[in-house]
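Scrolling down, you'll hit the structures one after another.
One chain, chain A, appears in both complexes that follow, with chain B as partner in the first and chain C in the second.
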Partner chain A sequence: MGRYVIRRLLQFIPTVLGTMFLLHYLTSLAIQFSGNPARALFGDRTPPPALLKAITERLGYDDPCLSQRGNPCLGLFADRLQNIFLTFPPDFGINLRQRPVTELVADALPFTLKLLVIAILFEAIVGIAAGVLAGLRSGSFVDYLVKISTVFVISVPIFVLGLVIREFVGVKFGNVLRGQDWIPDLISVGVFTPGFKPDYPFASLVIPGMVLGATSLAVTARLTRTSIMENIRADYVRTAKAKGLATKRVIGVHTLRNSLIPVITFLGVDIGAAMAGAVVTESIFNVPGIGRLVTLAARSGESSVVIGVVTMLVLVVLLANLLVDLLYAVLDPRIRYE
Partner chain B sequence: MRGKFLKVAVAATATAMLATACGGGGDDDSESAGEAGGTLRVYASEPAFLTPSGGDDEPSLYVIRQLYRGLVKYNAETSAVEMDLAESVESTDQKLWTIKLKSGYVFDNGEPVNADAFIRSWNYAAYAPNAQNNGYFMKRIAGIKDVQSEDPDGDGPQTAPEPKAKELSGLKKVDDLTFTVELDSAFSGFPTTIGYPGFFPMAQACVDDIAACNEKPIGNGPYKIDGSWQHNVGINVVRSDSWKGEAGKPDRIEYRIFADVDAGYSAFQAGELDVMYTLPPARYKEAKAQYGDRMYEQPGDSFTYVGMPVYDPAFEDKRIRQALSLSIDRQSIIDAVFDGRFTPASGFVAPTFEGAREGVCKYCTKDVEKAKQLLAEAGGWPAGKKLTLWANAGAGHDLWLQAVGDQIKEALGIDYELKVNLQFPEYLDTADKKKFTGPFRLGWGPDYPFMETYLYPLYGTGAGSNNSGYTNPEFDALMKEGDAAESIQAAIPSYQKGEDFLGEDLPVIPMWWSKVGAVYSENVDQFVWNAVSDADYGSISLKQN
Partner chain C sequence: MSDLTSAGTGVGGAPVAGDGPTPDAPASKERNASLWADARRQLLRDPTFVISFCYVLLVGSMAAVPKLWTSQDPRACSTDRSRVSPSWEHPFGFDVLGCDYYSHAIYGARPSMVIAVMATTGIVLFGGTLGLLAGYYGGWADTIISRVMDIVLSLPFLLGAIVFLTVIKKQNPWTLTLVLFLLAWPTISRITRGSVISSKDLDYVHAAKAVGARNSRLMFRHIMPNAIAPMLVYATIVLGSFVAAEATLTFLGVGLQPPTQSWGIMISQHQVYFLEDPWLLLFPCGLLVGTVLSFILMGDALRDALDPKFR
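And then the complex of A and B:
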């Protein structure tokens, strides 16, 4: 087990370095082909050359390789790696507004984490519950309800769903609720709002989190349903029933535990997908998190922010995958890591 | 049912309130001034910086103007210069300006707002190694060249040497409340420039730790920050006890930061905001229908033009430029592409500015016959040559530029191609280096409420933003004449004569002026929009219960 974890951790190194180089190369190419981002800060006003130079230097866009198209800028990459891995605290550079990337991430991370927790909890609890109900009574009304509603959710892209929910649930329905005196503010002003609100830091994230988790919820429900239907006919379940175990125990412990293996795999992988989804959801619901940060940075060509944030996201996905693999052993005693 | 009833009730009260506001406004001054109190919640984008030397974008300025105050302010309606912290701003030769300050003003940390506070702030902005965006605005002050080091090898990657001086030689302290400013050359409009936040004072503690001052500004204005800047979330400001001037109306202003204007508009619709200074373009019509009398519209001062590469032989003849301008029907493009969100331009100075005239450009209304005739006189357009129309990518300019191209093609039979693949930084670089091979889109906004801001920087020989390469000694001479005039008013005729040359020579084709479109909620009693500094949240009063 220990050796396995170490081996996996060592594999992280080339993955992270590879990703960073790709990002570095892509953002450098973007600057080589679209020009010095510092010049755009001044817009129509032509800045005095000395001032433009001072700002370019401070922002780290003064490396001569950034004006040679196609140059991979290896020197700049080496500098970057050195600043990130060999200095303490790690220096990811600054954005166009001269704020350190580490600070930007520290500001944004809590919002994204809250959003992710809401999304994952929502999709795990509701998704598994719906899947179990549907799987146990195949062909029943509940089964059809789950099947049809999940197809519906899967087929709507998240940005459409997000915009529709913001407009109709956050604004229109919310306005109706806000007109009723008997509804507490936490619900009418906090939860049913078109976006994140500093006054209700948790309540106003509930709907964005649910939107973020919606697509995965549908997949989770379908996976659980199929898995339950398969396992319920398995020999060991029949044995358990024949032993005279209570139905609760047969389903809750024996069937569910086995059926959850594919679901857990999916949820683990989904943390990465949810991070990607957060890019869309956070922009629609104005959540000041990582997703919105990286969207804005990509738009304005802030390479240090893009590289820093995406590297951190890669680490999160890698760690989540490792955790999922280790969880297999817990769920299925037959799996062992040497 | 209940929802419907509520809507009717709200509409009825709104009408009633409107009626009383209309009835009572005229005869009672104290009532029309609006009462103080309450919390104003406004839409904002993430500012770039909250220091006077750094913030040069709209979101930053809207916050800085409440936290800090400068020498002069602008009248909300007439845009005239009024003294704020300055007792007087005077000069006999328009070159050496003496500024006297009112006494008794202090920063939030107790430091006095004296001559040093201004000199310190301007020097800090001007010194190139400080990399402050507003260093640009100090360009007229004597000694600017010495604090901005020359590039040793033109455009090279070498590190620039230390500038010769740390401070502007043109700034001299006379006594605690008096200092003099010497300009590089005479400029009659100087008093209008110093109301820009780049010229606001900074405390010593602020310059000593600029990063901390950016997070938690040490202002000298009617409001002070509550807590610190919550990046990407919001900025809250409250009434400042140390402010001695005219107090702001709301007790507290909450700037809610949005990354995207659509999300902000949704929040406004949900009643979470009191003022939105801008609207999502796609929802302009809807907002106008829905909010009607709570929508504020006014001609703006942001100029969109199609620049002419005068340096290119194909555009050297002014008749070619006149012909191109005559074939464009501006209003039809504004209606078709922008839902009427702009005002067609017939001059080079914003219509809201003192000295602006309608119809300075005689070639700015569509006249196909005249266009054809002028083109023929100029020797026609080379057969088979395509007109290249330039715009930067990803900002939606291709739509209207295509309409311009179509109209030129229809009128003059000149085929065109769009070149809209350059990203903004590279596009600006192309403009700086004068590499455009055809008409190009660019814009301009005023730096100060003085008509010169629209003239010399764009069309003066060798001026910073003269991207068309236009050179006219007579125009330059008129600009000089205006700069050296005795007063702001006396300068206007010279500038107007200069503008007349532009109307004939067309170094750029004027397209349109922006329109301000703001909406405000039912909580707002009196909505105030400053003709120069735009949204002035401190003057907006709320309904008091």
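And then the complex of A and C:
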């Protein structure tokens, strides 16, 4: 176990460096091939050369290697690593208006975190419950219902689902609710809303969170279902039944414990996927979170913001994966990593 | 499926020299049919597979020869017909610019399908080869290839695609294909690597090695046929997710751009008209979801048919 942890930690370092280098090289190539990004500030006007030079210098785009096509700019990469890992607070770059990316992310983070919590809770609770119900009675109506509905949810692209839910539930159904006087505003205006409302910071994120969690919910349900179906026939479950334990205990303690190992792993890995999925959900429901920050920056061509935020997210994802792997080794002693 | 049948002769273990069961002498009559003949028989009896296969053929023919489906020109537009509802002659009505929506939908199948097919071919060839090399040689080759796979996999798919497309700044089917290819090859590599590792120590591989087979023959003749089934299943499912990914990226504004016809563009341009004219959104969404669903159902059916444990 100890050796495994050390090996996994050692593997973590080259992966982080490699990913960051990939992102760094992409930015450098973009600047080398499409020119000085500071020009984007001026639109189609031609800035005075002195002004352009000053701004370029201040934004840090004046390094000579940025004009040599194909040069990996290792010096800049070293600076970047130093800025991120060795300075406090870490520096992930600045946008074209010289606001640090860390500040932009700090403003956006609370919304995305709330969204993620709602999504993960929703998919864990509903997904596991549906999976257990389906797995215990395979071949029953519930089983078919879960099987068919999960296939549908998986194959609907998240943005189609989001749009349809926004229009049907947020606008049409919401309008009906808002017409009734006896329904509290928290529900009619807060929950069933077509977009994020600052007045209801939690309630108006419930539906976007559910949309974000929907695909993973389907995967969770299927994973739980197969896992339960495998374990329910295991010898130790039969033994537990034979010695007269209540069904509740046999299922809830003996079977679930083993069956949930792959599910927990999936949920851990899914945090990263959900962060990426937030890009779509947040732009549909107009949530001022990290995902919308990335989309807006991508549309306006501010690559420094995109790269800064994505670097940060990738670090989070890698850390989550590392923790999941370590957790997996703790949860399942049958697995030997040697 | 005849090519699959001949490719599958190695699966039974006996390296038959050339003549596998030919398609005109159906293997289904034999008692000991090969895995692929069994799978084909089971698939043809499976209604979900047959329906989704027909749907995919339908969309494929839209993409290949759109003229077969419509004689209208999707670019013949006139704004005085803007958002006219569906009629018998124009089954999907007109879009906001007054172009025939049905022909737009037919022509819109092409970019999605072309991108999905090209990217899938790319990841199968490239990812498959790397997975084979990593699994077969092990050691340093495996370490390096696995680390590169980890690096690429640590970029969440959508975020990675947004980054690539923002910095490339050219958004056409080629760059989209490239992005999907670059971000998706590690998964199929892992699948191949896993099944190569599990089958490279089998007895018949050692036997072939003992009689002096070269590395390339061992890899392609004896080990690779075991990996084809999982790769085929994954490739089918990934075709569906690439169709969805293209539409999603287009919807986010980093994919294909408006003068092109594509389902993603149809959806993103008409989302604001949903309440007045929902059909503007429902037709492209339906086509898109149907395509993705068909590919996923086909993949599921293939997995069940190719896995002997489920028989």
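Here is the rule we go by: the second predicted complex is superposed on the first by the 307 of 338 C-alpha atoms of A that agree within 3 Å, B and C clash if a C-alpha of one lies under 4 Å from a C-alpha of the other, contacts with A are read in each partner's own complex, and residues count from 1 in each chain.
Everything below uses one rule, namely that a contact is a pair of C-beta atoms (placed from the backbone, for glycine too) under 8 Å apart; a residue touches a chain by one contact, two chains touch by 3 or more.
These numbers come from a predicted model, not from an experiment.
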> For the three-chain model obtained by superposing on chain A, do chain B and chain C clash or fit?
Replying inline: fit
>> So in the superposed three-chain picture, is A:280 touching just chain B, just chain C, both, or none of them (first/second/both/neither)?
In response: second
> Which holds for A:158: it touches chain B only (first), chain C only (second), both, or neither?
Replying inline: second
> If you stack the two complexes on chain A, which partner ends up touching A:57: first (chain B), second (chain C), both, or neither?
Replying inline: first
> If you stack the two complexes on chain A, which partner ends up touching A:108: first (chain B), second (chain C), both, or neither?
Replying inline: first
>> Contact-wise, after the overlay, does A:167 reach chain B, chain C, both or neither (first, second, both, neither)?
In response: both
> Thinking of the overlay built on chain A, is A:298 touched by chain B (first), by chain C (second), by both, or by neither?
Replying inline: second
>> I'd like to know which partner A:210 touches here: chain B for first, chain C for second, both or neither.
In response: neither
> Which partner does A:19 contact after superposing on A: first (chain B), second (chain C), both, neither?
Replying inline: second
> In Å, how small is the closest CA gap from chain B to chain C once the two complexes are overlaid?
Replying inline: 5
> For chain A, what residues appear in both contact lists, the one with chain B and the one with chain C?
Replying inline: 34, 167, 171, 283, 295, 301
>> Using the touch definition from the top, list the residues of chain A that touch chain B in their complex.
In response: 33-51, 53-55, 57-58, 62-64, 96-99, 104, 107-108, 166-167, 170-171, 174-176, 178-180, 193-195, 197-198, 283-286, 288, 292-293, 295-296, 301
>> Touching residues of chain C toward chain A in the complex: what are they?
In response: 147-148, 150-152, 154-160, 162-169, 240, 244, 247-248, 251-254, 267, 271, 274-275, 278, 281, 285, 288-289, 292-293, 295-297, 300
> For chain A, which residues count as touching chain C in their complex?
Replying inline: 11, 14-15, 18-19, 22-23, 26-27, 29-30, 34, 151-152, 154-160, 163-164, 167, 171-172, 272-273, 275-277, 279-280, 283, 294-295, 297-299, 301, 303, 306-307, 310, 313-314, 317-318, 321
> Okay, in this complex, where on chain B does chain A touch?
Replying inline: 2-3, 6, 48-49, 128-131, 133, 135-136, 139, 144, 148-151, 156-157, 159-160, 163, 230-234, 256-260, 263-264, 266-267, 269-272, 422-429, 431-432, 442-445, 447, 457, 464-465
